[in-house]
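Structures follow.
In what follows, subunit A forms one complex with subunit B and a second complex with subunit C.
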Partner chain A sequence: MITVDNLTVRFGPATAVDGVSLHVEKGESFGLVGESGSGKSTILRTAVGLTADWTGRIEIDGLDARHTRPRDLARRVQMVFQDPYASLHPRFVIGRAIAEPMRIQGMENIDRRVGELLDMIGLNASFRYRYPHELSGGQRQRVAIARALALQPGVLLLDEPTSALDVSVQAEILNLLADLREELGLTFLIVSHNLAVISHMCDRLMVMQNAQAVETLTRDQLRARAFASDYTRKLIEAT
Partner chain B sequence: MTATPAVAPDLRSARLREWRSFARRFLRNPLGVIGLLIIVALLLCALFAPWLATHNPYQTSLPDRLSAPSAAYWLGADELGRDIYSRIIYGSRLTLLIVALVVVTSAPIGLIVGVVAGNYGGWIDRIFMRVTDVFLAIPKLLLALAFVAALGPGIVNAALAITLTAWPPYARLARAETLLIRNADYVNAVRLAGASEWRIMVLHIVPMCMSSVIVRMTFDMAGIILTAAGLGFIGLGAQPPLPEWGAMISTGRKFIFDQWWIATAPGFAIFIVSLGFNLLGDALRDLLDPHLRQRR
Partner chain C sequence: MSLVEIENLRITFPSDTGPVQAVRGVSLSLGRERLGIVGESGSGKSLTGRALMGVLPEHARLDVDRMEFDGIDLTRAGPRQRRRLRGGRMGMILQDPKFSLNPVMRVGAQIVESIRIGDRSLSRAAARARALETLEAVHIRAPDRVFDLYPHELSGGMGQRVMIAMMVVRQPDLLIADEPTSALDVTVQEQVMSILDDAVRSRGMGLVLISHDLHLVSRFCDRVVIMYSGRIVETLPAANLAGAVHPYTRGLLACLPDIDGTAARLPVLNRDPAWAQA
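Coming up: the complex of A and B.
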């Protein structure tokens, strides 16, 4: 479903991602772990076209990310951002924010879809006409998830989806995501520095350090602490 | 937001509720309310000038020339015996006309230039901003003077001339805001949905620039009034016999030592109106400026 082959991303003189390859099967949930600055978020942002200067190959759902129009790619892959306080337009009511991707794509029955999406993320219809500042962080993140699902993509990229939230709300959002994945058959690529989140959510994970991939583990290997590298051991002991 | 807001059944009531909460916060600022009252008074003066004025503002009466304030002439009479009070009341129309003309032209021009430059970056940004710099480098009044000299004096030309000098700060402001907003996650989210850059600019970036622009506009109105009065004073703005405040001061200047009220009354009008716009601008900035406003 997602293939990243020898991806290198540069920001001017700095190399944010250095020759990383990974493959995610359809329906799988794959985690990217590493300290901040290790380049894990950059992989996500590059996959959806938010960085310009990159080499290598990215293929999502059979589409080459470099040669596909953003409009077409949008229906296959969407992203949920880290900070729910920054990812909703402050001047748009919730219903409008969720409807916007569908309006851009010229879809039909938008009004009904917005209702269904709100229902799907567990917010009642009264939220449709509220502004983001009237919502809590967890509620906002739910809205961001609904917006990402509006175009019915098969792949969801999650960039630290819970790190900006209260601990009590984190579990709610993770459970919601897990349920949605099962219900809609989604493929997840999750970035997090929180190993508990990753081991809860992911079938496999990749550890990153200084822009490079260190190793790839399955969930069972993670739980059995069967690490090949010292860095992974240190990272896990530190958290 | 302390209590959970009441459920809004539709978009209109959601907007109405936002406005109410904005009005409530605005009313907590007494100086801002005073500013608003001054502006409302100015609007009412302009609207009801024929009923508020005691004389025809163009009616000369040579026997009464230069008469002091009295029951007949509340603020005295000028060098042709015209009632100063009535002229000031009618002058509010000219003031508002100039301010409105300048604002409705300069703010959109600056907004478009700034947002396009900020969003596209690269050579478009460089060209647009260097042009803006050129306009900013010429002294305002000088540029306006040259323009009026080329086109001929008059109210509309004065407004155009002021527009020419007033738009660059809006472009700067809009560009700075755009640079911040275009990389915000909520803009990235619509970019991910395949939105065109045009749609992103018009629907997502411009609304976020509006609050800064409105604040800047309110402050600018005071400056516009002063510049317009300055042009009127040197005879390049409104032409006689129009009761423009700057031109009135200019004629009153000749008598300032013996009949001081002739220049003082319109000067006071300019002062009060500028003060009103400044107070209102201050209050709006406290409410709207994204850099002052804390995340609520």
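Coming up: the complex of A and C.
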């Protein structure tokens, strides 16, 4: 479903991602962990066309990310960002924020679909006419998830989806994401600095450090502490 | 004798629909120990720290029956005395060094400034030497080089260590650290906390650690106070979080994912309106 092959991303003289490869099966949930600056978010951003200077190959749901129109790519893959305060347009009511991707794609029955999406993420219909500032952080993240699901993509890229939330809200959002994945058969690529979140959510994970892949583990290997690198051990100890 | 005594602290904000009480009758006592205050956003934990420090937002109204720092009645202390205490005997570290350091001043100069405000008799050279020592004490490699850097040239972890250096260089008796490591990577968190820990152990400083992270707080504190909706719902020895009896505390502990957890779904918190009353 997702193939990243020898990806290198540069920001001017700095190399943010250095020859990283990974493969995620359809329906799988794959995690990227590592400290800030390790390049994990940059991989996600590159996959949806948010960085310019990169080499290597990214394929999502059969589409080559480099040669596919953003509009077409958007129907297959969507991103949920860390900060629900920054990722929603402050002057769009919730209904409009969720409708926006469908409007851009010229879809029909948008109104009915917005209702369904709100229902799916567990917010009642009255939220449609509220502004982001009237919502809590957890509610906003639900809206961001609804917006990401509006075009019925097969892949969600989740960049620290719960790091800005209180732990009780984090649990609700993680449960929601797990339910949605099962219901809709989604494929997840999740970035987090929190190994516990990744272990809870992901079948496999890749540990990153200094722009490079350190190692890839299955959840069982992680839990059996069957890792090879010293850095992974440090991460586990610190969690 | 205790370092801090707070009795029945209330903090109120005006709003369109009448006054809103954000802190509702908090009482605390702190010795030369490490006290953690844990709660979710809006629980009043940061406001409690700010009230003690004397840096509440202007429109906040503070009522308290008793608030003392080392025998000094803070309710009667004037602005000048509060100012002298701040940065001297009381220090505060905030979450994000990006917003707490002066962006147009080299970090060395900022540390020197905080030293010289406290001790004007110190020569420039002596203050510089002290600043370098302090940078070294917070585990900054090549303090000479870092001394001449601007805040934007520092990583988050280095910035936070510089903040700590600025605070501990005055050797405060009390340090209030409000989410000091939330902006940092887990591996850096440990280093920053151990620096604070050193200060407590070596000088008998009192530390108030405010955080949403129950596990972090329990690892580094002696006692943990759990706040919910402007009140303290439970106080526990940090070593005995498992012994929590309040359903809110138990709920918070239960809803954390665990590396070795097996549950497909995380338990969620069902908020009982009674928690806010109790």
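FYI, the second predicted complex is superposed on the first by the 239 of 239 C-alpha atoms of A that agree within 3 Å, B and C clash if a C-alpha of one lies under 4 Å from a C-alpha of the other, contacts with A are read in each partner's own complex, and residues count from 1 in each chain.
We take it that a contact is a pair of C-beta atoms (placed from the backbone, for glycine too) under 8 Å apart; a residue touches a chain by one contact, two chains touch by 3 or more.
Only a predicted model underlies this, so the values are computations on that prediction, with no experimental measurement involved.
When both complexes are superposed on subunit A, subunit B and subunit C end up sitting side by side without clashing.
In the superposed pair of complexes, A:Lys234 makes contact with subunit C only, with no contact to subunit B.
Residue contacts after overlaying the shared chain place A:Arg223 against subunit C, while subunit B stays out of touching range. The larger set of touched subunit A residues comes from B, when the choice is between subunit B and subunit C. With both structures placed on the common chain, the touch criterion links A:Glu35 to subunit C but leaves subunit B unconnected.
In the superposed model, A:Val167 lies in contact with subunit C only, and not with subunit B. In the superposition on chain A, A:Val197 makes contact with subunit C only, not with subunit B.
Contacts of A:His67 after superposition on the shared chain: neither subunit B nor subunit C is touched.
Geometry note, superposition on chain A: angle between subunit B and subunit C about the Cα centre of subunit A is 70 degrees, to the nearest 10.
When both complexes are overlaid on chain A, the residue A:Ala144 reaches subunit B alone and has no touch with subunit C.
When the shared chain is aligned, subunit B comes close enough to touch A:Gln105, but subunit C does not. Overlay on chain A (Cα): least separation between subunit B and subunit C is 7 Å. Against subunit A, the residues of subunit C that register as touching in their complex are 40-41, 155-156, 185-190, 212, 214, 251-252, 255-261, 264-269. The part of subunit A that touches subunit C in the complex is made up of residues 35-37, 137, 166-168, 170-172, 174-175, 178, 193-197, 199-201, 222-223, 234-236, 238-239. Of all the residues in subunit A, the ones that touch subunit B in their complex are 48-50, 69-74, 78-79, 81-83, 85-91, 93, 95-97, 100-101, 104-105, 126, 129-131, 133-134, 144, 147-148, 150-151.
Listed in rising order, the residues of subunit B touching subunit A in the complex are 1, 5, 7-11, 13-14, 18, 184-195, 199, 204, 207-208, 295-296.
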